[in-house]
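Lettered A, B, C and D in written order, each chain numbered from 1.
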């Protein structure tokens, strides 16, 4: 039994600070580094990759829409070919820093609205999957199970790692409980831990109505914001390890099963 | 006898077109591709690298200040560490596309105000030289002979290619005749050719007062704007070849002499 | 009988030139000035307003999405309150220059994707209409007849000027023939003139199938790109005048009928 | 005896928060609102002006270089005519919101590097002063006494308010003690208060070596960052009031003496 814990880091920009990167990174095994379009800048990317090296944490690129003002959370309708080039650009920019520090670039995980749109838009998903595959077919695509993005990644032959959420409730069909509901979030770190343990051990998520949704989790997404996030990260890392789950970065055999 | 002809391409941005890339590229042997900060965008970079592949022209990165509004031509006072990271980011972004098309990234040439400031500011020059060296010590630095940038490149062990100008007059001390003078520019392509031929054959530039300035030219810079630029590029390519000068991209032995 | 001729100008940005403003402006009576978000910059806005003063042409603000890379042509899903503030900001920025030159700001016309989305999205349309009304209830909203934006403008009490197109065919329901069809565009300036004359005289547009669509046109939109655009503008101005139509900017009694 | 207390607010951007605006604003009488170039965005500007209305605080525009990444703190060499237009644009953008809330725009204070450069560069200072004067000759220019900017403002006939600093030591020549020295900052709010009281009562600043520098202070600049800033603002407001100094926004008779 093993699992990866991932978090979005490196989203500060110039004089603007976002998140508590230095508090979260000790608990995770993979970081998704913002590429300068929705957040992050060259100096921040370098500092974040350097921090990842120091903490022996794997690095992935976290490309987003070119929308700093909206923090990449607003839907933008882009041509597939522009999305393709935009992905190559952002992945390459982060890879320059993993090359600089002589570590591999492990994975790619789209950010925010780009990720949400690609979850349901097959054409957008395919543009993203192809860009990663054409750039480097060994890069792992980190995607939510069952989405169009995960399917596109598998279709083009990328290793696809399945992402689950520790602090979110699920619908019976395996999608996330929308944030508009008061029970969308799980606020108790211990409860989050028990759910993740079950995903890892039993390969099921218990949905909001008790339905058991099958899952093959490779990585748990942790948010980098706020003291709760830090508490959750620490709890998951400690408790999963104590319960015999190996917490480690994404394996090279991801998607091979 | 051999020489490289280089030109700044890929400076269009979204719906905005800059230069006549498709008319200039048949005559040059190296292109400096804008990296998205002073000009260029991911789609444009991809198209430009694809065009370079088609024309069998070598590709370099052309990083500039983060100043699209000023087209990278305005001096900006940046911290050395920010310049260092900014260089890595921009070079990596372009390299992603040369990787995509399976061609090497040949060289780096800073753009506009960044290049001009690095010509006279030793600290800035050293930040730039180190960033290239640390990222990939085999990348050729394309710099104007005698500048602080050329010196910094040599100091850190980079191969440095010396750049000269075909359409500019020179001062006796080897610097460019400032544009404020009416005789700053050479407008006759034939005259430009004869000057370049002399640089290549005799290793001298005849300055504005007749002084012979010694030079070891590796590459001639051609501007991509306007019909005159296209005419000059065509003339140089044709006449140099006709006079026994091999016009080719920068050799791996640049800077080895 | 009278009509206004409007064109989108001031869309250049820094070193990037867009359109042929100086060729189009002599033929129009109102200009829509880009506000720096999808195109335009402070220097360009000032030059454009100065040019409008010189040609005695009325000035409107032409706000767009914050998307220079996409030239404001990409749909972006923004919160209504952000759209509201964004409108105020952009209108105010252009008004600063009309104030500088002591001319009134005549109207507001949203650009590109913002305009297209507001044509069919009632909430977005209302956010736009309210922002204009709250900022200055006497500003004319220039909108396509029958759109949600035109309706919202009327609902909040703004004077609304109806915009028609000289070089586009129409569907029987009064919407524009989509550009994907080969007969979307009318390429003959004389034919465009005859259609506009009929709109002005008879208050009808002849749709693609011969249906007569009723219309109360206040302004004809002319595009500023290419030599055809200039030819069309000149033809319309000359022929309409010759046929007794007064070509003038939007009247203060717009929307009062 | 009276004095204005000013602070830079509205520098947040999208999802990025900067400063503690809501904690500082109760203690000040004027706010300098970032205009969207070095910080701030339309939504933030609207919120900030609304907050100023609620706290009955005067509003000024705080224009800066177009450099969000550098937060307007990096020197950029711009043409005077571009600076002029950039000023008009930014002032107009903020004024749109003071118009929206039916309050006057009281003053203009350049931000960061733009302010520092204009303090010593007479041409830049003149471009700034003229832009404000041409836009609205009644706007107060808030500038540090003795700078080129203050002089340019007076030369073009603007009302100029003299700005002093509560938490900074001064050199004998009246300039600020550079931050590189350990005694550049005054960290004790009580000490700051006593110094400000002396400036207001006795019209002198005691420099680092005991020299008494004459001053006619109109406004004290308070920084919006950190808990110390809030403490200092509260102390100044309370103690100055308790000692008979009227703490109020800039009067219309500023510069008239």
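Please note the rule applied: contacts are C-beta pairs under 8 Å (C-beta built on N, C-alpha and C of every residue); 3 or more make two chains touch, one makes a residue touch a chain.
As the structure is a computational prediction, the values presented were derived from the model and not from experiment.
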Exercise. Matching C-D on over half of contact pairs, by residue number: which of A-B, B-C or B-D?
Worked result: A-B
For this session: By the contact definition above, name the pair with the higher C-beta contact count: A-C or A-D.
Result: A-D
Seminar exercise, completed: CA centroids of chain A and chain D: separation to the nearest Å works out as 43
Problem set entry | Averaged-CA centre spacing for the pair chain B and chain A, given as whole angstrom | 39
Exercise. For chain B, what residues touch not just one other chain but two or more?
Worked result: 41, 69-70
For this session: Chain touch graph shape: choose line, ring, star, complete or other and state it.
Result: complete
Exercise. Inside the complex, what are the residues of chain C that reach chain D?
Worked result: 36, 41-43, 45-46, 81-82, 84-86, 88-97, 99-100, 134-136
Exercise. For chain A, which residues count as touching chain C in their complex?
Worked result: 66-67, 69-70, 74-78, 113
For this session: Using the touch definition up top, name the residues of chain A that touch chain D in the complex.
Result: 13-18, 39, 41, 68-71, 73
